[in-house]
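Heads up, there are several structures right after this.
Both complexes below contain subunit A, partnered by subunit B and then by subunit C.
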Partner chain A sequence: MSASLEKGINALKEQVDSSVAAFFSSCVHCGMCADACLFYTETGGPERTPINKTEPLRRIWKSEYTLFGRIGKLFGLTKPVTDELLADWETLVYDSCTLCGRCSMVCPVGNDIAAMIRKTREGMAAAGHAPDGLIGATKRAVTIGSPMGVKFPALQAQIKHVENDTGMTIPVDVVGADYMLLLSSMEIMNFPEFIEAVAKIFDKAGVTWTISSEAFEATNSGIQIGVSDIAAELVQRIVDAAEKLKVKTVISPECGHAYMAIRWDGPNLVGKPFDFKVRHILEVLDEFRKDGRLKTTGKESQRLTYHDPCQISRRGGVIDEPRNLLNMIADDFVEMPDAGKMNWCCGAGGGVSSNERANEIRLKVFQRKKDQLDEIKPDAIVSACSNCRIHLEDGLEEYHMEIPLLSLTETLAEHLAD
Partner chain B sequence: MTEIDFLNWVRGPGFQIATIIFVAGVLIRIFEIILLGRKANLAEAKGSEMSSGLRTIVTRSVPQADSFKRSTFTIVTGYIFHIGLFVTIFLYAPHILLIKDIVGISWPALPTPVVDAFAVISIISLLAILIHRFSNKVLHYLTNFEDLLVWFVTIAPLVTGYIAFHRIGFTAPTLLGIHILSVEILMIVFPFTKLMHAFTLFMARWYNGAISGYRGVES
Partner chain C sequence: MTNKFDDKNKTLGDTLRSRGISRRSFLKFCAATASMMALPPAMIPKVAHALENAKRPSVIWLSFQECTGCTESLTRSHSATIENLIFDSISLDYHHTLQAASGHAAEAAREAAMEENHGNYILVVDGSIPMDNPGYSTIAGISNYDMLMDTAKGAAAIIAVGTCATYGGIPHAKPNPTGAVSVGDLIKDKPIINVPGCPPIPVVITGVVTHFLTFGTIPELDHIGRPKVFYGQSIHDRCYRRPFYDKGLFAETFDDEGAQKGWCLFKLGCKGPTTYNACATTKWNNGTSFPIEAGHPCIGCSEPDFWDGGGFYKALSMPTENITQTALYTAAGAAAVGVAAGALNRAKKNAATKAHPNTTIEDLEK
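Entry: the complex of A and B
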């Protein structure tokens, strides 16, 4: 057995717990998860059935953690995990899954299949079977501090622009602020308007906030590629900065997996509860709304819909907040079919967008989003994840649809009451 | 061996062997799952694991609207044969008498013709499920030997029970003996296969609901 395969197998072993064992014990091969997965419904490839993507992890569970499987192994009846299997499964686990979790919502026996695929990635990555794009992004995240290679001076330059445009000061490294804002590289490079929007809203709300020069990156490539050690290191940077600046709440920006990484996986990765709270920007804004700190004026007359980012809605629990907020500023709001916790993924989350090899398939499966949009014909789509936003724009262009994408935070800022 | 010897054997030693394998096997499978344990979640909770888990055990029996639309055949046939199995196993008068003999509790039975109808419907739906397994490309891809074995040991008691009840082909003791034997094969295969889902799905659904509910989402 090669050293890398052994690492992969050990990583898979570490992933098996009572939930995984209960899940694998319960699968009846009914195939319903396939019907919930856009990578199956839009391609028709049966190998893309979600539960099938977990095969490497299943073999480890069976051969190492079940008595009958272990006995079977003695007689060569239990299938082993091999390098060939992992090589064959790489495109299924990384290119054909965004960890969107729709399968986990429909499985009749209750398997959290997305969580099982996420765990399978740990073994794949350890064995060296992760996509080059994700490996590159992860390396940049560790060495430079951002998957896109964005360093603090680049953020500083964007902050300067915002300050010049607005005449406001963007607080950096302010000790004792109420909130510490994280940003995704995508926001820093492509959507600096987000920083401006937060500055305006927080100023009106009368709360203090800051950006940390040491830990401003919210995204976590370790989560996407499936290397917990790296994911933990990236989370630790944020924890250190939040503790140094003594902030009460860390804000995860408009990015799906970043929220999963810092809000739900973070404390488990670093092995201790946080001393501060973690909230998604939409949760913070909705709290402002409830407290009367967020007041808007005027309404969007165009027909708006909301695209639920999977890691924020279905996997994250932030479902009502965006609707409460949109209600303040939308005159003609319309839900897509299956909106909310059953919304369909844009097709590029979970590291798919960082993996160039998956470019073709992510645009192919966008057909599902197109069908959803065709049913309601919105004038604009509001969302709360830069990655969804970039990919939705990409997909709309590919399918010759002209629907603008809006950030919810930015749209709210445009309607701030004086 | 006369047919009476055969019937006595399946009712006596055969049944004991099957029961021991079934009970011990199921207990081993359940304990080896529970004993693996699971790390406590250190993130600040948005909902209760316990109540969300319990809720999902119940609510997962009702398919999501879109899921029902896309997996209609699987869901409808699945429901039919599960209900049929429940009725034929637990609401047939002779079965209730047997259970009363063993564990001492009993409940009212359904009229025999009704149970008979359920048996026929279950057999038809299981046949349809087998055809679907080969005609649907996802199911065809997923299907392995275990799926076919489980299908066979599940339909066998229904078919042998139906034949025994209608006294087709052989004399009553032989038919009854074959029926009991088919149930014993089901019991022996049970702990080694996906039939275990009858027990473990409660755990799986609980974990699913707990994981999701902790984050404030009903799953």
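Entry: the complex of A and C
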């Protein structure tokens, strides 16, 4: 109960580094980021122009770190950061941004606008201006171990189901395994088939793997709310578990932001390189394919398309892998317009789906995905992020479209050769 | 044949359709215009909508001390393109060169247009106004000054076309025998858009007209009244020969190796660095090329007093003093200031990091 404007301002000051300073001073106000953002294109609200979402951070940079800004501050000419400003910006910074990074791709001067919005969240959260839903999720992540409040016994129950269905043993806390699998609570609660699929594929591939009872949650609410201290704590739990189990590789599951958090932000958050590798499940499966450890039989005759989760394709660079894998099992694969690194975001990642206030806008901006789908009319959509999956199902229902969502890992498992 | 009244009430959309211009090519024009005016793509439909529904506004074109080059530029160089049709599709009620009427009938047309559209017509002026002896240039016995002041009264906006109308141009060059002045020198109470150049680029004027029809306002202007979208950057900054300038590779004469290799024409007097115009990007003759591409230095025709700049082939003045030492001192001083500012900023950031309390879930709410 100690968030304050003063803390928020201090956090913003701390976030201004040489890249932020360079970004702000090179912004040419061209507005190209607006047309790259679905929260702008589908609402037409100029306040949702991505660079505008960083206004609190920009004001701190200007008033604290530039000569003219400091002179202006003396005469009251430089605009200050106030509680009212942060309150006004809350819906822009959290509800209208999934940190998908499409804006960063189009910026003609190379500003990583998504990263700047992520930094702006540090100030918002410290000043007590994070959305209630996200605060709740973060508290659960720290105290219970998962943003959806999933405890290990719940996972154990799902594991038991899978074991009963398949007759296989799901390895838990096995020291010295090759791979340690992380899961998102979304998968544990809604898609336990994912665990089953991984078990089957890894069994056929002849590799050892395990789930840790101490750190199974992959998602990182600390990053989404914008509190690096908490984000680092959540990453540290995974690092501790991986070191304890002496695994070679930690696998990030079918979840976009989890991948970004553990693979790319992780080492920076804990301040040292990992002793293990971090790979996305699709990267691991594609390695299996290359090594001849993954063999499939039969093909899907229905028309399939692939929705690129923003953090996996655009921010993570895992673009060819899903296509290589789909190629093995799809007869009629069709790319949607803007597929690959410029694909449009689902509209609900980066904390938006944990924030009930954003429900209306996330369904409104789904129109962009609908337009893409209308153009190619697929029979089913394959993806590799459970959050995308849940939200796409939600959006399709809202717009009265009947297209099933498939997990790539699960679909591969269905075609596994004996 | 439609009568005059019907014709006036036709929208631009009607006119274009009756001339067989497809919607596709019309939208292409709108997209090109929007990008030329640096408007976001979302504005294209707005431009199209505004243009389609624009009632042909009345335009009165006055020509004073000029050579008709501006009219030539506008009517000819893009002949048979949609820009031209847009331009045809304003109601051009008075224009010496283009109108069929002559003598009293011509003046009557101007007076009728001024009366009918009082407060709403666009006044276009090319040529400068002689203030010495009105006899230097009169039309129908009316001095240029009187005609300008009289016609300007009821205008919604004035577009000064060409360097003569905008800054006095060649008539204004030393010793300025006619006492030539620009439109802006005489009229202070109306919005004036300066479209200089000798002559100006045709799409620039259609762009200005389009902007006026779309938004009902004049575009953002620079300190000498030029629309920033077209005159915001120097020829030099946008010149395809700029890399040679940066490398110090210059043509010394018009027939040396450097000239043949297309090196920078700075030493041959190019005024590109001090000239603001869109030549290097929009180019001339339907986007074919611009003077520097033809091997000739820019003469700076869209700048005030370009004729008195000391010779077209004289390099922009070199500094006369020993600049090396001054530059060294300046650089050293600037570096010291930079280092000090950097240290200050780092200290501030470090202080912020130090003041950072470990944030826990207890600290997320007020």
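In this section, the second predicted complex is superposed on the first by the 415 of 418 C-alpha atoms of A that agree within 3 Å, B and C clash if a C-alpha of one lies under 4 Å from a C-alpha of the other, contacts with A are read in each partner's own complex, and residues count from 1 in each chain.
Rule of thumb we're sticking to: a contact is a pair of C-beta atoms (placed from the backbone, for glycine too) under 8 Å apart; a residue touches a chain by one contact, two chains touch by 3 or more.
Computed from a predicted structure; not experimentally measured.
**Q** Since both structures carry subunit A, what do subunit B and subunit C do when superposed there: clash or fit?
**A** clash
**Q** Going by the contact rule set out at the top, does A:K139 touch subunit B (first), subunit C (second), both, or neither?
**A** The answer is second: A:K139 touches subunit C but not subunit B.
**Q** Which partner does A:G44 reach: the first (subunit B), the second (subunit C), both, or neither?
**A** both
**Q** If you stack the two complexes on chain A, which partner ends up touching A:D17: first (subunit B), second (subunit C), both, or neither?
**A** A:D17: touches subunit B and subunit C.
**Q** Where does A:C107 make contact in the superposed view: on subunit B (first), on subunit C (second), on both, or on neither?
**A** first
**Q** Tell me which partner touches more residues of subunit A in the superposed arrangement, subunit B or subunit C.
**A** Result: the larger residue contact count on subunit A belongs to B.
**Q** Applying the document's definition of touch, where does A:D35 land relative to subunit B and subunit C: first, second, both, or neither?
**A** In the superposed model, A:D35 contacts both subunit B and subunit C.
**Q** Touch check for A:E64: first (subunit B), second (subunit C), both, or neither?
**A** second
**Q** In the superposed arrangement, does A:L405 touch subunit B (first), subunit C (second), both or neither?
**A** Neither partner.
**Q** Between subunit B and subunit C, which residues of subunit A are contacted by each of them?
**A** In subunit A, residues 16-17, 21, 30-32, 34-35, 41, 44, 65, 67 are touched by subunit B and also by subunit C.
**Q** Going by the contact rule set out above, which residues of subunit C touch subunit A in the complex?
**A** 38, 40-42, 341, 345, 348-349, 352-353, 355-366
**Q** Quick one: which bits of subunit A touch subunit C in the complex? Just the residue numbers, please.
**A** My answer: residues 1-4, 7, 10-11, 13-14, 16-17, 21, 30-32, 34-35, 41, 44, 64-65, 67, 125-126, 128, 130, 135, 138-139, 142-143, 225, 227-230.
**Q** Across the complex, what residues on subunit A touch subunit B?
**A** Going by the criterion above, the answer is residues 16-23, 25-32, 34-36, 40-41, 44, 46-47, 49, 51-52, 65-68, 104-112, 115, 263-268, 271-274, 277-278, 313-317, 319, 337-338, 341-342.
**Q** For subunit B, which residues are in contact with subunit A within the complex?
**A** Against subunit A, the touching part of subunit B is residues 28-29, 32-39, 41-44, 46-47, 56-57, 60-61, 63-64, 66-67, 70-71, 74-75, 78, 136-144, 147, 191-192, 194, 196-197, 200-201, 203-209, 211-212, 215-219.
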